[in-house]
């Protein structure tokens, strides 16, 4: 489909990348397109996923994994990135066990059925996403009453900033979400 | 849920409105929230649905019903209207028999898997939605090679304009999409 | 003048539309162009004017007719709609008996010679017009001290939303205001 | 009315300013508020009107006086300056002998009843007004077919730039147009 | 370099302009390009520099000369005017004796190493620069705690408005800053 | 200075990070603040610099190192990131051996003294920076006549996207450029 930047074949990948791709495939049941699309440049691939994992798998974070995916889905919608909204919206539904929440935050997070804490988190994320130069102390102050501290603010900012990169690369390169993502987390998993 | 503008009970509705609501319920299996949310003002309700039907059910239109719902979903996303994106996205999936298309046009219609004709249609609709004052002859000219004529342009413009009204009323009044819409058209209908 | 969407001749109109047009002509002394321009599509015409009347003639509204025209003139200026600014600006001048107010709100309602209540009303209307997705409880709260209640908020929102539709159709179709409107309400009526 | 920056009394003005004010009063029949509002700072007053006259009274300009006022009215509307739209709209009506044109260009110059030459002139002016940093050779090229040369482009740019200054000072200082301006040029002058 | 609007030769200038240019050359060691670039139109030149001097050399101003140049540099950056950012940034560095401050306010004045008073001054200036129609009493109120009065507000507004004119003329005419400006005030003056 | 996110002491850093920091210090003569500011989170630090090096040190790139720094400086200015404009502007001056170019592209790249190839490169970069969702084939087509191919487009996009991340983290965390950067490349290196 993508004739400008065709994804490499799995067989042609460097061993470390191939191993990671196979591991993801094992876990998810399919290979999310981002893993192959970026693999045409191994050094960038390695840095991208190292960054991703440092933020999204960070053990000591004050943000739940669902909250992190909520940031990704919301800010990716602001950047109109099809791949990230669909793929991370799916993961958000699963982590939060809320089949409707991804569509809600993608269209208008102000109308979504989320907690006041999550609303404050997304207000901060959207400021980073759209107007990072205008961030003020008041933006930090608005986080604290909801139990966020400055390390959590860093997590919110860094996740937003990293997926701003990801959004731009996905839109630029014409990355399409796998069909599987569209339905994931919307219906009870079949046994 | 909506404490500012609670929907009236079905029993309290004027007969003509009640009849139409029951008819929709019969056909869809549930009552889409917009039918009750607006019914607290019967005169506006009647005008709203008369306008809706004049555009969306228009027999002689050069636009298919799927194309009309595609305009609604795309421009409603630009207006960040949760109700309309979710509800009309569902109808779009069903009419077009494409379970992925609604999410695609809602996030970024430029990356959606649609025809060049549909792309031109949405470019025109977005100009009406966001910059109607700057519409030029060139915007009309861009429609003609795709088989659209001036009556089709009117349809595109009027649907966009009408749902701009609808988007504002839904966001203003806190209208929430029925849960049923989120999943409609994503999975094969069970028999 | 308008070669793309010529207005139908009065004689060719359906009887109910013709009757209403003649009634308006009787009252105003001329036929405002919108009545003929939209009449090429009778079903849309009927819904449009039913909606218009439901909002603008609503007896139980907490907004005066002058205030309603003030909303129309102000938000139509934000949408750069020539027809609505000129036509409704004329009606605004007459209802408010203030020959200068229409030009003032059209250019910059913040500098207009209006009451604090009217200023709050227009702030709310402009939020609906330009950013309906970002409406918050605080926007409603700003209305209450001026004697507005939630039904009045609905009136403000619905009038703004309806004329957002009207603005887009007028700009799209190249509708021009009748020359009579430009001067109406600027000079004392001659006896 | 303006308590922050009250206009000085005519008697208190320096002689050269007083003389010019009286001359304007003689000619116009009243003193346009800008002449008194800015007179509280004589050095700025002198520079302002010297600049104004250098541009607006320039004998060798390829732009008619009506065209110059059209630029002022259109760009002042884009800057939402009440004083300049109303005052210069009045002068525009008189110079062009077109009682409707000022309202038209103020609301949407793209829909105004003006010549293609005037449309090109206003496109260039609006680029200077809103995006001067993005001006390209192509913007100049669009002027030439209409009989404008580079000196005319300078006139368009300088008039737009000067009234951008004027717009900001008028909005900032709360300058209100004289009531006389609102009606000037709309009705045939009485003898 | 500038083929569209070549600067006149010094010898060809009217005597009063020539005298002023020579005076500046004497003082600065070179002729800033704006002095020659605008001299092709002597009447505009005289008004421009009269205005400039009325604001920038105003003895009784509550703003220091460094603060005035800070306003120029910051708002010129918002207008993306190369000439003014580079030339006035140089003067700012010299007046404030802070070699870093010009780059800071040009990129993001919110992150610059300036006083709270200067920050408030720049917030007001940016409102005039970008949104003068939306100026409210609250914007004035924010100045007073920092020792600014209404005359100082006028200075801030007028300097911003005047350089908005200057920015547009410089960008329009392709004015380039003299090479000398880029380095001025960055390194200790050699004796 | 930065009390919210203080930089760790060199001694406290993990060995691999410490080694890299010392290497940079050796080469540059000082430690650019970004190396310490991000080091409070080693996993993110490693991914950040791995990504940076993959793009900025990429041997086979069709972009010169100066061109890459030009992209960084220009897009960082659009994002109003003080750290990146000042630090990468310095490196740009050095690589290009053009002491004026960094200020030029930071203020308005359209007025900078750069080649048509570089202008096309920056147009593409700015589209990725500000409107990545609207990228079209035409944007790629505009690159080819200047000798860029699709791999070069990827470099432009990826550098822009990566520094969009960097800009947001620097603005968010209050990162300040080292004083050394402000002057680097402006004056001939002393021997």
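Here are a few things to note about the model shown:
Letters A, B, C, D, E and F mark the chains in the order given here, with residues in each chain numbered from 1 onward.
Keep this in mind: a contact is a pair of C-beta atoms (placed from the backbone, for glycine too) under 8 Å apart; a residue touches a chain by one contact, two chains touch by 3 or more.
All of these numbers come straight from a predicted model, not from anything done at the bench.
Common partners of chain C and chain D, by the touch rule above, are B, E. Taking E-F and A-F together, the chain pair joined by more C-beta contacts is A-F. Distances between chain centres, each the mean of the C-alpha atoms, put D farthest from chain A. Inter-chain spacing, taken between the CA centroids of chain A and chain C, is 45 Å. Look at where the CA atoms of chain A average out and do the same for chain D: the two points lie 52 Å apart. Under the contact definition stated at the top, the residues of chain F that touch 2 or more other chains are 80-81, 108, 111, 133, 171. Those residues of chain C that touch chain A in the shared complex are 133-134, 136. Note for the complex: chain B touches chain F at residues 108, 110-111. By the touch criterion given at the top, residues 77, 80-82, 85-86, 99-100, 103-104, 106-108, 111-112, 171, 174, 176, 179, 182-183, 186-187 of chain F touch chain E in their complex. In the complex of the two chains, the chain B residues touching chain C come out as 4-5, 41, 43-44, 46-48, 50-51, 53-55, 58, 79-81, 128-129, 132-133, 135, 140, 150, 153-154, 157-158, 160-162, 164-169, 171-173.
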